[in-house]
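Each of the two complexes below includes chain A, the first together with chain B, the second together with chain C.
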Partner chain A sequence: MNQKNDIAVQVSGLAKNYGAVQALRGVDLTIGAGEYFVLLGPSGGGKTTLLRLLGGFIRPTAGQILLHGRDVSEQPPNRRPTSMVFQSFALFPHMTVAQNVGYGLRLRRLPKAEIAARVDAMLEMVGLKDLADRMPHALSGGQQQRVQLGRSLVLEADILLLDEPLAALDAKLRKDMCLELKHLQEQIGITFVHVTHNQEEAMTVADNMAIIADGVLVETGTAQDLYENPQARFTADFIGENNIFDGRVSGLTGSGVEIDLGFAKFTVDAQGQTPRVSDMVSVSIRSELVRVLGPGEAPEALLQTVPATYGEAVYLGLATSHVAKLANGDNIVARHVSRGGTSDDFEAEAPLTYAWPRTQMRLHLS
Partner chain B sequence: MGDDYTRLWTYRLKWLYTLLVVFTLMLPVFYVIYISFNQNGFGARDYVFTFEWYSGIFTDLLLMNALGNTMLLAAITTVLAVPLGLIAAKFYKATGTDRAKLLTVSLLLSPLFVPADILGSALLVFFKNLNIACATAGEWLGVSWFETWFELGYFSALVGLIIYTIPYIFVVILITMGRYKEQQSEAARSCGATAWQAFYQIEFPQIRAGVFSACAFTVILSFNEYTRTSLLKGGYDTITSVLISQMLNEGMSEQSYAMSSLISFIAIAVIGSIIIYTLVHTDRLEREARAKAQPVMSS
Partner chain C sequence: MIKVRPQLGGMGGSDITAPIPASRLRWQRGLSRALFLLPIIFMMVFFALPLALTVVWSVFERTMFWMKPGFTLFSYENFFFSARLDNFLSSMMHSSVSVVVSFVLGFPIAVFIRRRIPQVAQHRVILLFILPFMVSEIIRIFALRPVLQRTGLVNTVLLELGVITEPITAILYTPMGVIIGEVMSFLPFIVFAGFLAMEAVPKYIFEICDDLGAPRHRVFIDVILPLAAPGIFAGGVFIFVNGLGVALLPNILGGPGAVNAGLIATQAIAALDFPLAMAVSAIMMATLLALLYLGHRLFNLTRILSPIN
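Let's look at the complex of A and B:
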């Protein structure tokens, strides 16, 4: 299954309507073979619809789906090179763990001995060797999801689809299983397409990911790309914790873009984009890059500063968020690593300056 | 059992009351059984115990013929109506909108709301007219091979029984189907199963209880049916219609009492075993249902 340069999934102009509701609108997407790809987005954004279209559980309203170069748009699930892991309730309750895992192999009418051997090997791989004869209802949530994984992986399909596979698990278990999934995928080398609304889960497992919201593919990239250099305003809002300012382009100077925010004027590098004067645009800055300067503290050069009225501190363990109000009434947040004690506290209503490196600001045209 | 605060005597009283109700309901049946062992038959002053009437059952051609007809009608109705009801329930579950669901339910349950004699006589008129139409068309075309297709008999009685039983089958199957999670069919499809394999290997084993209850229900309903069957086939053709027609015209024969008792024995035995089986397995079924409803959240 070594097709590193191959394309596993190629989707073009894919759309799905439910009556008047457009669940997915003209999505183009390419996923390389052997990639761990994550579809990330808010609930109801269309990511599960996209996954179910790939799996063949729903028929596209428009567009085309190529899996390993073969057009499967009109094929039922059992004729596609895919296998799916569901969120929950998907184990066959009248079969033991081993029978669940061996179901697909029995459908292929393989010899009994071969089925038994492959089921054994798969149970070993997903760590359920001792539970082979249990019924699904006697398993914990985490174990049930392992059985589902085993049932799909044993088929050696080229593409594994995972629909919120960890959503029904508690936080601690979800973290552990995330890493396990990642290692499993590296070991087997097939393409994983994983749907989640959980940012941390996505960043843990993904080689590449796509942000999907409102039925539209917003942006694709690696976790680092999307966290550090999001192109779309939506991505900046959805991933990490960003301060976002909306304003109008008031002037262009070389690669610099001057933006009027009403309460202040920022100058941002265009980063290869081509805004026009009087366009509505947004600027974002990650909250961990923002620093709070005390009264009378002079800003260093190359810092962008704004005056703000201090609101409150929110202690989050590793970090503490300092929330303040801007002149236009919006909130601005600075996240500092918590230092313990109360040494970094400020007084409410105190006039302070929030500052961050100019070069770290990002311009969003959409 | 009750909770810790249940008083033993009220608990016993409830049971006593239940048994009393059952006994009251079954009293006429016991009376029929009592008569069936009396050599002098119904209404006689002297009671002489005998098995004579029971041995007479099997030589009574009317009853034997009726038994054959009854079993045949029940069997064919079950074989035809249960799959139809099952398909209807599957369609109902797959239907997307509430409006379509409401329409499906209203259409399927409507035979329940039409009184038996009205539905029966409506079908009778329908088949009579169909026969006249067939005869006229046959004369006109000069051929006669289709003229007897819709004559009153097995076919018309079957149509009546199927219309009558489908709503019950639909509801009984739908109740068990409600618990079934559709993701399991999808999981089966993604394991390589065809739609039929997913239904037969994954869904059916989980709704089997509902399908079997629907079958039992159908057999009982078609067995008991008098109005539609006697209107659409004839008054002396099935056990129930024979008994009722005898009762209305000349009074039941002694063999008929024996026959009724025999059927009661068998019915009580069958239903009793089903109840005992269910009681024994209720705990397991409930445990499984609970486990499916609430997956455990930690490892």
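Let's look at the complex of A and C:
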């Protein structure tokens, strides 16, 4: 429908205040046409505010919203090329499935036959063909969200906004619906902007995503970028399971940055960043890259090691987390694939060495 | 049934878990059952039974000062083949007009309160509509006379302003006067009913409508009306039935052409024709039941008290 290199959403300097509360501050964001874009972040972080600003349900305090190049900052929802899927089961309770889906077309005064044909086609697409005459209260949660999808998609808007569309569904259904949403978006080719606080949901569907917290856009990138190479400390803390060490830059040697953590000194590659001596910075390492070395097991070269006192093992099915205490009292976690049996076990209070590849450590200046 | 009692000083913690004596449990259960039974008995003896007797008494024969058992349809004949039927039918017309006027004036107020007033203040605003009931109905209605009469407030002001040259006489001692009185008396009920009815219209509905670009009148016709219908109907029936039944209004504000069922019955009692008064009451009850049946078939009135999930 749209060429991939078009820009669907361009937001600059966007802010929204509720009284003294700053729900959103100076957000700049660009979303390409035909992208599946996810706004991910903790509850109350401002991601729903951003979505509702895009949809026109609230007016920005400052900043500009361009949708397909047109400034819509002050336009009402129906004058924008967007359509919204609401959080939970927002349907007309007195209309059948088909009437719910067709109401937007009825408002546009299309001929009855055309409405019926388009509703039929839409119900087929969202898999509700046999339920056309059901009332909303006789549908399951997943089916109700499909009706909402149908109601929005039938209008053929260029941008679909989804406000936590799967939040009210149980875990299994959520997983299935995620993939369905993804495939639906690939099939139709329009831009989807999807808000969620669920990391797995976000990673399943997103082409690109943005992390939003405390009213600020923290970082954008693909799921893989954000998981493997987060720039911000917040991202490292929020996505995946990372061990994060805060310290002060104590020396610079070429591209190497020496960081004093108090109980140890790490040397990390600057990765193109330009820290200065005595800056407060953070270093992170994903817990699945950390290995626990038994007493007497010699570390290989290229490994960063720290001594730790073993705490406990937490069995999580696929993985087992080995939690230990560092010299400064912080926890460090190593996640190993569970091997079954007891070969994995360490004794509580045992002095062990936690180790990981130096090259996998990431430096966060903010 | 298990209550946590305040622990007295010096008593052990084990007292909390000590079983309550069976005799006391039985007594408490009996008491709570009695609390439900008492009002039921009261309503049976003083409401349902007299209403049923109304129908029985309406076919009794009239005596000089009271009535005696028998079976005659004379009272019904007396009602249906006289000017009383005309009066009854025209008072139904006037009541219907009052219902429509009250709805047009009152329902927007209810919608406004739900949509535009902050949640916490909504009930306080509704409370304002209860204030008129702090004044006795007879005084409220009677106070309309000096406003509406030939030399009353309305006429004087309009004459002074030069809007009219002759006083308007059509607004007192006429059906118009009764309708004005009915709307004044019953408007709060459509506000209450509408306020409750709007509970059945979830907030998100308005956002969907914004998103789909529904104009205001379509939102009202396609969404608010169908969802709020049971509550609106209940409020409407209340006003309609009171318009038929409250004798005070036509008595004080009406004239020869404005006699409702309540006034017919009152006049029959004054004339010591008790079977006729009973027959009029029975006919009013039948009218109400027919209306409720109709409303139930159309809107399923049980929905009033069960907001959608």
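We take it that the second predicted complex is superposed on the first by the 365 of 366 C-alpha atoms of A that agree within 3 Å, B and C clash if a C-alpha of one lies under 4 Å from a C-alpha of the other, contacts with A are read in each partner's own complex, and residues count from 1 in each chain.
As a working rule, a residue touches a chain if its C-beta (ideal position, glycine included) is under 8 Å from a C-beta of that chain, and two chains touch if they have at least 3 such contacts.
Note that the structure is a prediction, hence the values are computed from the model and not measured.
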Query - chain C versus chain B on the shared chain A, clash or fit after superposition - result: clash
Query - First (chain B), second (chain C), both or neither touched by A:144 - result: first
Query raised in the report: Of the partners chain B and chain C, which touch A:240 in the superposed model: first, second, both, neither?
Result: neither
Requested in this report: Answer with first, second, both or neither: which of chain B and chain C does A:60 touch in the superposed model?
Outcome: neither
Report summary line: Max touched-residue count on chain A (chain B vs chain C) belongs to chain B
Report task. Could you tell me if A:92 is touching chain B, chain C, both of them or neither one (first, second, both, neither)? Result -> both
**Report entry** Contacts of A:173 with chain B and chain C, given as first, second, both or neither
**Finding:** first
Query raised in the report: Once the two structures are fitted together, what part of chain A is touched by chain B and by chain C alike?
Result: 55-57, 76-78, 83-84, 86, 90-94, 103-104, 107, 137, 151-152, 155
Report summary line: Within their complex, chain B touches chain A through residues 181, 183-184, 186-195, 197, 201-202, 205-206, 287-288, 291-292, 295-299
Requested in this report: Please name which positions on chain C make contact with chain A in the complex.
Outcome: 202, 204-205, 207-208, 210-215, 218, 222-223, 226-227, 308-309
Query raised in the report: Hey, which residues of chain A end up touching chain B in the complex?
Result: 55-57, 76-78, 82-84, 86-94, 103-104, 107-108, 135-144, 148, 151-152, 155, 161, 168-170, 173
Query raised in the report: Which positions of chain A touch chain C when the two form their complex?
Result: 55-57, 76-79, 83-84, 86, 90-94, 103-104, 107, 137, 151-152, 155
